[in-house]
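Okay, so chain A shows up in both of these, paired with chain B first and chain C after.
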Partner chain A sequence: MSDMDDMDEGSGIVKKFMFLNRKAPHGTVYALEGLEVVLITAAFDQDVSMVFTDDGVYQLLKGIDTKGIEVKDFSKTYRALDGYDIEKLYVDQASMDARGLTEDDLIVDVTTLSVAEMANLMAEQDVVISF
Partner chain B sequence: MPMVDIAGKDYEVDEEGYLIDLSQWNEDVAKYMAVEEKVELTDSHWEVVNFLREYYAEYQIAPAVRVLTKAIGKKLGPDKGNNKYLYELFPYGPAKQACKIAGLPKPTGCI
Partner chain C sequence: MQFGILVNEGPYSHQASDSAYLFARTAIEKGHKVPRVFFYHDGVYNSSRLATPPQDDRNVAARWSKLAADHGVDLVVCVAAAQRRGITDGVLGDNFRISGLGQLVEMGIQYDRLVTFGD
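Then we have the complex of A and B:
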């Protein structure tokens, strides 16, 4: 990147943030609160990656219906991430396999990574935050 | 939570005056919020307000201003999807003010 580009970015420092989502979408506030933090981080023009692993992969399931538990269905919000320029969404292969899920079961396009690939990606980050 | 009386009906709002229950929204609420925000509603304002309500129905969030601007540009054209146009309609922040009038919560990432 040239000096000119740096100036166009203003005084902002851009760090690589990875948000690890490990928990099922409902029952705790982690998934929803984590998503809010992701949106705020993106609003500050940071480089954001989201990883869904363990029960966190359920956050991206298609066809979630929360009427019975009387909470907001925020799964649609994952489809707004694109508008926030958050395009790096990853799921953990083993977590998907263990739950019988494939990328077709998810409401957004993701990249499926093996444990080794995930470790490499994690090593590249400036900040890793787990929810 | 505070309550406000709009056209003879009680509505619950948060401490900044945003409507709590989105499903209670109607034109009377929008007009009341607009007066609170000192915005005179024209068709151009309604266009943005209705756009926000559609955006919320689809994504379940109130967009940050940058995202709103981009999304409006996509749907209504570049002459509307820019800061100048939107700030002329909503001088104290298009996302913040238009969301309030549309009965949505304060946008995430709006500080």
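Then we have the complex of A and C:
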């Protein structure tokens, strides 16, 4: 990870970082570039949570095939997240319902939260970054 | 209070960079610190010295440069996002520098607040 080379690590501070993923995986670059920030944050040994809401829930959909649109398929990265000790994955119940999705449609294990539960989780965070 | 600022959109098409600039300038005027601004996604385009907007409009890149010169704000452009978009050291405006995403994470760890400007 070349981004690690020029950094001043070792502060010893661990903060709660939440990454709020709101956009579909393709159509804009937010999901792909957002994932890069998540991985770097985990490399800094921070306490990382990922939330998928609105069209962001589509990022975790099974069976994504990007051949037709000729862009990189980064969907496998979500399955590799536990290798980076990123295990706190949450989806928004209302966003799933509105799109006719259930947890069985997703490529990773997630915790489904109500809006109120999501608000509580968000209130506990030190840093919330939204993509 | 120390504020870190993240700018996620390019100039002119979106208001994000303008809002971030006004926030940063005002925070400094009010006695707060803005040690660093990080440019990500299309936000990296805010760093180009090649932009020449009409005389009667604001120059987004130039006013970031001036804020940095006046108040020592560290203007950091993400290397990975910049390389995708053709932003290199050769086109950077004054007081911008290219570095890694670690600089963004550091803002979250070290400062009191991280404020995102984007869509």
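Quick note on the criterion: the second predicted complex is superposed on the first by the 120 of 131 C-alpha atoms of A that agree within 3 Å, B and C clash if a C-alpha of one lies under 4 Å from a C-alpha of the other, contacts with A are read in each partner's own complex, and residues count from 1 in each chain.
As a convention for this text, contacts are C-beta pairs under 8 Å (C-beta built on N, C-alpha and C of every residue); 3 or more make two chains touch, one makes a residue touch a chain.
Only a predicted model underlies this, so the values are computations on that prediction, with no experimental measurement involved.
Look at A:I129: by the touch rule set out above, it reaches chain C but stays clear of chain B. By the document's definition of touching, both partners, chain B and chain C, reach A:E36. Comparing chain C and chain B on the residues of chain A they touch gives the larger count to C. Using the contact criterion defined above for the overlaid structures, shared-chain residue A:F74 touches chain B, although it does not reach chain C. Contacts of A:A119 after superposition on the shared chain: neither chain B nor chain C is touched. Judged by the touch definition given at the top, the superposed model places A:A98 against neither chain B nor chain C. By the touch criterion defined above, A:F17 reaches chain C but does not reach chain B.
Residue contacts after overlaying the shared chain place A:Y84 against chain B, while chain C stays out of touching range.
Contacts of chain A with chain B, set against its contacts with chain C after fitting on chain A, overlap at residues 36, 40, 44. In the complex of the two chains, the chain A residues touching chain C come out as 2-9, 11, 13, 15, 17, 29-30, 33, 36-37, 40-41, 44, 46, 126-127, 129-131. Listed in rising order, the residues of chain A touching chain B in the complex are 36, 39-40, 42-44, 72-74, 76-77, 79-80, 83-84. Chain B makes touch with chain A in their complex at residues 58-61, 63-64, 66-67, 70-71, 108-109. By the touch criterion given at the top, residues 6, 8, 40-41, 79-81, 99-106, 108-110, 114, 116, 118 of chain C touch chain A in their complex.
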